Amino acid sequence: MDNHLKIFSGSSNLALAKEICDHVDVNPGKLAIHRFSNENITVQIEENVRGDDVYIVQTSCPPVNDNLVELLIIIDALKYASAGRITAVLPYYPYVRSDKKDKPRISITARLVADLLETAGADRILTMTLHAPQIVGFSRIPVDQLLATPLIADYFSRRDLTDYIVVAPDVGSAKKAEVYARRLDLPMAIIDKRRYADDEKAVAKYMFGDVEGKNALLFDDEILSGGTMLQAIHIIREHGARRVFAGCAHAIFSGQAIPRIIESPIEEFVTTNTIPHAPERLGSKFTILSVAKMFGDAIKAIHQGDSVSKLFND
Amino acid sequence: MDNHLKIFSGSSNLALAKEICDHVDVNPGKLAIHRFSNENITVQIEENVRGDDVYIVQTSCPPVNDNLVELLIIIDALKYASAGRITAVLPYYPYVRSDKKDKPRISITARLVADLLETAGADRILTMTLHAPQIVGFSRIPVDQLLATPLIADYFSRRDLTDYIVVAPDVGSAKKAEVYARRLDLPMAIIDKRRYADDEKAVAKYMFGDVEGKNALLFDDEILSGGTMLQAIHIIREHGARRVFAGCAHAIFSGQAIPRIIESPIEEFVTTNTIPHAPERLGSKFTILSVAKMFGDAIKAIHQGDSVSKLFND
Amino acid sequence: MDNHLKIFSGSSNLALAKEICDHVDVNPGKLAIHRFSNENITVQIEENVRGDDVYIVQTSCPPVNDNLVELLIIIDALKYASAGRITAVLPYYPYVRSDKKDKPRISITARLVADLLETAGADRILTMTLHAPQIVGFSRIPVDQLLATPLIADYFSRRDLTDYIVVAPDVGSAKKAEVYARRLDLPMAIIDKRRYADDEKAVAKYMFGDVEGKNALLFDDEILSGGTMLQAIHIIREHGARRVFAGCAHAIFSGQAIPRIIESPIEEFVTTNTIPHAPERLGSKFTILSVAKMFGDAIKAIHQGDSVSKLFND
Amino acid sequence: MDNHLKIFSGSSNLALAKEICDHVDVNPGKLAIHRFSNENITVQIEENVRGDDVYIVQTSCPPVNDNLVELLIIIDALKYASAGRITAVLPYYPYVRSDKKDKPRISITARLVADLLETAGADRILTMTLHAPQIVGFSRIPVDQLLATPLIADYFSRRDLTDYIVVAPDVGSAKKAEVYARRLDLPMAIIDKRRYADDEKAVAKYMFGDVEGKNALLFDDEILSGGTMLQAIHIIREHGARRVFAGCAHAIFSGQAIPRIIESPIEEFVTTNTIPHAPERLGSKFTILSVAKMFGDAIKAIHQGDSVSKLFND
Amino acid sequence: MDNHLKIFSGSSNLALAKEICDHVDVNPGKLAIHRFSNENITVQIEENVRGDDVYIVQTSCPPVNDNLVELLIIIDALKYASAGRITAVLPYYPYVRSDKKDKPRISITARLVADLLETAGADRILTMTLHAPQIVGFSRIPVDQLLATPLIADYFSRRDLTDYIVVAPDVGSAKKAEVYARRLDLPMAIIDKRRYADDEKAVAKYMFGDVEGKNALLFDDEILSGGTMLQAIHIIREHGARRVFAGCAHAIFSGQAIPRIIESPIEEFVTTNTIPHAPERLGSKFTILSVAKMFGDAIKAIHQGDSVSKLFND
Amino acid sequence: MDNHLKIFSGSSNLALAKEICDHVDVNPGKLAIHRFSNENITVQIEENVRGDDVYIVQTSCPPVNDNLVELLIIIDALKYASAGRITAVLPYYPYVRSDKKDKPRISITARLVADLLETAGADRILTMTLHAPQIVGFSRIPVDQLLATPLIADYFSRRDLTDYIVVAPDVGSAKKAEVYARRLDLPMAIIDKRRYADDEKAVAKYMFGDVEGKNALLFDDEILSGGTMLQAIHIIREHGARRVFAGCAHAIFSGQAIPRIIESPIEEFVTTNTIPHAPERLGSKFTILSVAKMFGDAIKAIHQGDSVSKLFND
């Protein structure tokens, strides 16, 4: 009874899945996904998986709910096909921002997603940079969370960072920005959107720390429409910042995010391929760092029973 | 601690939900459903539901997977808002045709759906005309299945049915057609698509029973693209059938189904509003019977602890 | 930590279990089953099974409920004896016909059986020819369903089938008969027990298709008292059928089934040994095909993590 | 949404169930139990039970396994018929003596029974005099255990007990006998079946305490074939006991128990109707005390949310 | 079947429980907690709770693990005593800071606590000011989280807050401090403990915002030894802050916290009674606001099925 | 994917854990247990355990509840660190005496402990000499129960036992004493604390069996304060017993047990190291037999899939 490592891919991010397979040096698992005229999805696993150690790569990008349901169906098919262990590999975790009950009678959908994955038959989750570290605790199956921070920070660390400063676009993200600031050994500024004093020099009030004459690095864990970040850039420019660079783990880029970034003063936007984007839609401003090696190494470690944390501690 | 009956509606079929509320004589429950630019759905229940007996109406029609995920999120929000009992009211059950493992390593997704509903927090299911009666056994929470057959058959029974015959479009649907034939006290014919003998009188081989000079009634539980039914009509016309009428419980009408039916020899197509269709898209050929009274009566019975089966046995 | 394949047998069908063991080339697992004077059953597994891949063969035949409870107790004993994986091998699945809620407030007992097996500790089910393919979906543990159809059809295919016809004893079994008809490439007839026209030539009305002068093959998935089949034979003889042969996967043969078949015009009755029958009780009319090789091959495939579906697709 | 108390009865002990219904002053619930020719049991609940507080009386007596499976099917039918709460009323608990693992690789079947009842859908258990008090801990649903001891002891306490002694038939039952001795304020003797000293006056060695010239009361929680008790009587008679009386909660009376007791020196055998016995099979030696009032009072207390323990503490 | 509201108290905070009972106007539930010489705890619920709506108040303070195990035992006793619904009322949630996996192979114990409470039989949790809002998502039973922020902020809002500033003791707590700043409409400062620039004016570097000549309000959700807060006070005093006030929801006060606060420049320390402290141990600096009314109102709302969120939104 | 045997130890009994590791010939697993000033425990597993077969040794001794919670946290950390299988090794099972509901509305805490262990993530339990054999049935995960009886009995069997007698300190422990008596082939006496006859020769009444001039061996499964045993010694001395020896599996020794035994007529007290005692606190009267070899052999057998029962049957 052998225990083969097999990697399957849902429809969401075939390029990343292929790259992971290449890194792990396995052929992508054979899988037929069909969508009927009534929009129902059928999945057939086209190779024997009995007893195998199976990984299924599916990220959360539009069509978000089709991808989620497709993932659940694939897991169900694998489970009843007697896969030995099923790991849901979620480069970007579905509904990750829905992680708390900040209004009455709403759903903590990131928790529901963990429940649905477990019900469908997932034995483990492998994901990257969750919106809050507590989200790991939503799941009753083990979660390995990889962090994109080192990947992105290391990319920036290769340049001369004299006169650079890390800027948190609001108080709520100060803690995350601090992680980058520590890693890059840079000072930090925090934008505060409240007015909090009586005098009327409004601009001065919106900024903790001094960006005057500095090159600003703005970081966030994910960018949707980019509104918060672009507003932050406006403020720091008013405070005298010079060049502006940005980075994020997950580039959702919904709505007009891409053209707005292209037109913005951001010189370079560094992100990863957890969300796929057609290169032709992105301009030369964008640098996409691949997470394939990180996921591939983690999959190999999980398969072989090696420590995942050891892979990434530096 | 009162125990109010409350009916909420997902996005899929607001008209039917409204009609059910009217029949039950309650105001629709207040619910805010929002879809972010990243396609994530958020749901807020906008009224207190603690301890209440809550029904959430959501049918399975395009966008199928958005509707399914939306339903799961609504149920989750209701559960953690401390609803007393949650009944998923599914006029057309999601993935109902995915009910067996007729190929290796596929998912019995209708069973997965039952699991997901239970995980999200549903206590009961109320649905109509499942593809197979065994599907009730997929669920570990009680299922009340209403049947559209009497509604549709009774509609036809009001006309003079002399020289009418019920036609099953293939052997697999013979059993379901027989239910209509019995109820309408009509003869039956069955189309057999196999060739099964050596001689070449092919046409004769494809038909059990005699439709020559008869008016044909074709029934199915659901119509997708309508291909099977239109092919059947072609065959029975070759065998001398005169007028043709059709009926089905669930009118999915995917792809070119509507124009094809409009152009077909079908004189009248009778179905229900379990799947919503804009009246302007349907021509005068279509008769839509409302299931609102049936669902409303069932909801009242469930709420009051009355027998549901008693409502409908005649 | 080795992972031995072990096959145990309940009391129901020791001969088949022995034959399966011989085919798999293992000794039957040692097990002491004792029935006290108070009818309580005790089971002791008489060999170490820690970590082993254990199969327990128990069919559903009289005493049906003793066999079911005995099976649950054996599984429980194996589970707490730390068996590595437990597969319930059910040649004939208990309560398989109780698969839908066709009357109010009845139990879908085939689903309850799946629940009880899982509760007792079964990890998998291996069974044959379920009454409906949906029954696989009743279980939350993987089910491998073998099909007796090829075994029986292949037996008949070895003779000259010119002028043979497959007959479905009623409309409800038309779909199952069609599977045999396709496999044997034979025409089909269907008996319809309703009266559906005004004229009084009653006999003609009861038959779809023409059996005049043909040799009839009647198939069903299981035979209880044989009433439906014998009534069908009466009808097809009136319609001019010549010789009559019958086949079924599961020969329950309750009540007077055996003498009635012996006295009937059936020339040969072909079935399997999923239900044990003392050869001396059956006359020369009966041909029993052994399913031991099919079950043995499936057990070997499951044990080795090979595809079960691949074994049987032809 | 009313919450009616309803009492249904399985096939095992209709007389006791009827007596309980009379005591509670409700009509027995309507239930159709059918046993097919293939020995499969079907159950139909013949009245609406939605939301009701349902009690199902089924004792464990031959046919033990039919009664157990029947009970599970009834519970399943009630659950999916949407009963509000289901209490399994088990006058004699199935497989109660299978409560420990005193040999390797056996089943603690009394625990399995608790699991099966919960899986089928029971919410509570109401039972009487378990073999060991720890068995209550086998169940994950609440168990109310009634005790037959007061019923039987009080019966004896009405006579003049001068020169009576309670005798435990072996060391293992000393603790249980002590409960009777305390309640009746009587001395106790214990039979020890081991030989434990060097001298050869074997008979003397087998007895703790002095029964010489005393009237002996032998108690056990259940009597199967009666072997242990009859052997004990032989020993105490050799030690000079005069009259002998016996009592037990559960009279299984398997094998030749009844004639053996009739022929024995036991003057009166006092037991309860937890196990039904045709009066004509029992001679005049037997006194049957009814537990109907105790069960009826407990059911009323459970239904009304009153304390059950308060009912019986005296 | 009535449904009484009953409030029981564990050993941890009898005074608060009593105060809550008074506010709700019920007598404290009768409960005997005994600790044997072997340190095992036994609990007996001393009144009937069948069907009742039961609340059990237990906070997490030393002895932390005794209190946690005692709570689990009380819940277990209530569950098997057939309480209708059990709400664990946790003024300070056990192990609340253990909410993420910030080192490899550690336990998210706040999640484990939720699992243990559910296993023991809790149906709901009512708690106050969790360390992170995501912790609500750890539980599979509904959680009502009350917030101490309004209570504490409102206390301060009654004074003249001219020249006051809210200070976050580190970047990680900036978000929480901001909530107070918004509510009190005050400016904010954040202490940053990193060095982040090249010049050596170290003191200036450690502070975002200007506290010079201001009165500082320091807030945290919980205070253990007080080290972080006292270090922060040292820094802000160096930056010219004048008077210093502090507030926190949960006053653990471990080690030398109390004397250190007494000796510190803090003029007034405002906290709540979620953790009990003997008044004589606290000096006049401490102001304890009672949460009894908030918990009492929440309990009444939960019992009556009213909205809890509505109680506290202002 | 290797499957290493690893043994970790909680804080309760490091010496025994070390001895077990030595016997199994593995290094103790690396584990950091820290107790914060707020009494919260944190645990970090300091080596990779992915896929490993992990044993965690934790006995139940003061501080009982700290040890229990610590055990649950360790198991939780191991589970989410992806250990392959987790066995809780409990030399003395927590709350083992709380095994029945002998008063209304109490907790069967030994069952709750089994539930908590399973919830935290334990896959198996390995323990020794439970208070009642039924306790094994409390757990839904497999339990291997080792017995200290042979260890202790064999120790005594090495001396000349002429004129020795086994004494049960009360009727309730007669059954357990009998096991020793059988194993040592000795006579037995039982102390009965009730007065049960009218005459006033009280002393004679308290004893079944004759200890006059005999050397008494008193056995119990566990000793708390020693009260029962010391009272028994008083009685047997009055009945003429000469020398007195005592033995028990689990030496809790709460309160003044140790000095009271030292001052008592007991010549030698034989017990095991399931509970740790500082040797300097015990006098020369105490003989401690190590259970390390038994646990070590059991762990090796479980790891290798060998029979545990076979190890110890003699």
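Labels for the chains are A, B, C, D, E and F, by order of writing; each one numbers its residues from 1.
Note that contacts are C-beta pairs under 8 Å (C-beta built on N, C-alpha and C of every residue); 3 or more make two chains touch, one makes a residue touch a chain.
Remember, it's a predicted structure, so these values are computed and weren't measured experimentally.
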### Message
Starting from the defined contact criterion, work out which chains touch chain B and chain E both, please.
### Response
A, D
### Query
Is the contact between chain A and chain E built from the same residue numbers on each copy (over half shared) or from different ones (under half shared)?
same
### Task
Can you spot which option in A-B, B-E or D-F is basically C-D again, with over half of the contact pairs the same by residue number?
A-B
### Query
Just curious, how far off is chain D from chain B if you go by their C-alpha centres, in Å?
52
### Query
What is the distance in Å between the mean C-alpha positions of chain A and chain D?
63
### Message
Measuring centre to centre with CA averages, how many angstrom lie between chain E and chain F?
### Response
40
#### Entry: chain A: positions in contact with at least two other chains
80-81, 101, 104-105, 108, 115, 307, 310
### Query
So that we know how the chains sit together, what is the shape of their touch graph: line, ring, star, complete or other?
other
### Message
Judged by the touch rule stated earlier, which pairs of chains are there in contact?
### Response
A-B, A-C, A-E, A-F, B-C, B-D, B-E, C-D, C-F, D-E, D-F, E-F
#### Entry: Complex contact set, residues of chain C against chain F
1-2, 48, 50-52, 79-82, 84
### Task
Note which residues of chain F are touching chain E in the complex, please.
36-46, 49, 62-66, 68-70, 72-74, 76-78, 80-81, 95, 97-98, 101, 103-109, 112, 115-116, 118-120, 224-225, 252, 254-255
### chain F - residues contacting chain D, complex
99-102, 104-105, 108, 110-111, 115, 132-138, 140, 145, 171-172, 174-175, 178, 181-182, 185-188, 190, 192, 194, 196-197, 205, 208-209, 307, 309-310, 313
### Task
Quick one: which bits of chain F touch chain C in the complex? Just the residue numbers, please.
3, 53, 124, 142-143, 301-307, 310
